[in-house]
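Order of writing sets the labels: A, B, C and D. Residues in every chain begin at 1.
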Amino acid sequence: MRERAASPAFDLMVQAEHLRKTYGPTPVLDGVSLELGAGQGLTLLGPNGTGKTTLLRILATLLRPTSGSLRIAGADALKEPEAVRGAIDMVGHGSWVYEDLSAMENLRFWSIMGGHDAAQTRLHTALEEVELDTVADQRARTFSAGMKRRLALARVLLGRARLLLLDEPFTGLDRAGRKWLGEFLMSFKARGGALIVATHSFDAGVGVADRVAILAGGRIVLDRPAAELGPDDLRRLYDELAMGPETAS
Amino acid sequence: MRRAWIVVWKDVLSERRSKESLNALVFFSILLLFVFQFALGPERARVEAALPGLLWLGFILSGLLAFGRTFLVERENDCWEGLVLTPGDKSAIYVGKLAGNVLLMAVVEAVLLVLFAVFFGLDFTGVLPGLSLVLALGTLGLASVGTLFGAITAQMRARELLLPVLLLPAVVPILLGSVSATQTVLLGQPLAEAAAWLKLLAAADVVYLVVGLLTFEFVLEG
Amino acid sequence: MAARVLGWLAALALVAGLVAAFGYAPREAVQGNVQRIMYLHVPAVLTAYLAFGLVFLGSLGYLLTRRPGWDRLALAAAEPGVLFTGITIASGSIWGKPTWGTWWTWDARLTSTAVLFLVYVGYLLLRGMVDEPDRRARAAAVVGILGAANIPIVHFSVKWWRALHQPATILGPESSPIATPIALALFTNWIAFTLLFAYLLAKRMQIARLEDMHAG
Amino acid sequence: MPDNWSYVFSAYGLAAVVLLGYWRRLAGRAKSLAARGARRAA
């Protein structure tokens, strides 16, 4: 699997077509199509409750769409989710941190679960990278939400994920934390990783993006290169496309 | 195998630090002892006659508590998602969780036996090897189904209610076999007397274990 | 349409079954007419086993293919299966009263049927507690598979457990060599119950399919 | 041995009540579903 990834045909990390997800009669996602290449970042904007989390969970193979097709890293994610799981990592609302384990022990656990090298030095380097090395042996219970998110990112560093999905990664971070996370994500992209950041606050989320998409009412209503959009354009479009129908309904 | 081991390591370490389940379970066992005593009255003969049943009643009730908690820790911080996204065979997680439950049950069973021995003036030392075999077979069966059903109910409302409703009828064979075999052992009869029951327990263990291993990935998906 | 034909066939067969049970089969010498409960009791338990076999099949099919149709089969078989086990237990109990002088004895067949009843009532309760169709189907399928794998284990454990305390049961066909008319009446009723079950199954699956369609 | 017809009839009666009840419930549900389908189509 990993060898094949080098070939150019597999440069498309995400290929989603007409994804629909319904709970009962109401659709949460109503035909979402999306493509993302390796080394690209996509910021997914949308007010709360428009299906961002649902979309991310489908892309992560945690949730099955009602219909549509999804290929991740060249493999059919709906037919053989197992095949793509090694290529995906995710930092969602939860940090996957066990409260009663130390930072180090948490990393050790997830490294081994992911089938990665769990050598002490390697774990320590990752902790240094996220600036948690001073609390490596403290229990995660004492950590702030921001520290837990950094611990989750250290876990991402240890893995071999080529697609990283982040759900509202900037909430609860101070200015320095946001800057740090931005740099972290840029370096992930620079190493050829694809990135999808779902957020409702576009000030923070747009910096790392090559493309910006707006999700509203279960559909992608805008998908453009970030370079084409000035901050004012974006705010105007966002208010128009995302907030408009929401407030109307 | 390495994954199963790390799951056990993680759970045992967490448990050793929080002692959430173990403390509650040991205390629960002591309470059960009092309940049995009050329900049966002070006569020693009555306790002795009902002993195999009482023991397994205690194990099953504590087991219900333990199994129901098995996967709750995975709900904190959405660790469950991480387990689902773990590439590779999910049955390793089942094996790890099962081993953790068997360990926990073994501690509880040891505590209950000691308590029974002290409070009812019983002596288990002579029958200990036979008894351990019966306990091991019975516990493995209970925990195999309990771990699987605990994973199913962990994601549900009314899980405290649903787990016993699903588990108790399913483990009737384990209960029948264990109680009968325990009786044989406690009467001091040779283990061969209970051979049929031990075989049934072993067969049940294998069936439950295989079903658990094969179906766990579908349960884990949440 | 097929369901309707099955329905009429089942109705006809049930009438024939009643005629066979009350008109054709002779009064049993030892037990008297109360033995006629057998024509209800035995077909009911056989149909229940058939139903739980289909629950197993549907569960397995769902986990392998993830097609909702398999889950509907499991559901549609489980409901009548529980009803038929209920009828087995009730008729056995009513049969037991004049025979043993008590409504309930821990007879092996009655006990293992009662255990199965509880297992599948739990199965239906579980189904009622999950709203998301795929999650419900998966959870139910696992319980359905374990339940079915458990049937022989329950059967043997209960049988041995009873064997410790009392000799074999008088309920059921294996108690004594059966005369031909009795066997024929049993057979007729067995066919009738199977047809009735097939009808209920088809009808229930049809309803479940419509419900799924309406749910989106 | 007495004949105990009352037991026989109560066993068959109970079974009939249970099965008929289930059948009527199914029929009722099918009817309401058909009505909903018709309303949706209209």
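For this structure, a couple of remarks:
In the analysis below, a residue touches a chain if its C-beta (ideal position, glycine included) is under 8 Å from a C-beta of that chain, and two chains touch if they have at least 3 such contacts.
The structure presented is a predicted model; accordingly, all values stated were derived computationally and were not measured.
Taking the mean of each chain's C-alpha atoms as its centre, the chain lying closest to the overall protein C-alpha centroid is B. Remark: subunit B and subunit C have CA centroids separated by 31 Å (rounded to whole angstrom). In whole angstrom, the spacing between the mean C-alpha positions of subunit C and subunit D is 16.
Between the Cα centres of subunit B and subunit D there is a gap of 42 Å. Shown for subunit B are the residues in touch with two or more other chains, namely 222. Contact between chains, as defined at the top, is found for A-B, A-C, B-C, C-D. Those residues of subunit B whose C-beta lies close enough to touch subunit C in the complex are 145, 148-149, 152, 155-158, 162, 165-166, 168-170, 172-173, 176-177, 180, 196-197, 200, 203-204, 207-208, 211, 215, 218-219, 221-222. Here subunit A touches subunit C in the complex through residues 22-27, 64, 66, going by the rule given at the top. Every residue of subunit C that touches subunit D in the complex is listed here, in rising order: 18, 27, 30-34, 36-37, 40-41, 44, 79-80, 83, 86-87, 90-91, 94-95, 97-98, 196, 200, 203-204, 206-207, 210-211, 214. Note for the complex: subunit A touches subunit B at residues 60-62, 82, 85-86, 88-90, 92-101, 105, 108-110, 112-115, 139, 148. Listed in rising order, the residues of subunit D touching subunit C in the complex are 1-5, 7-8, 10-12, 14-15, 18-19, 22-23, 26, 29-30, 33-34, 36-37, 40.
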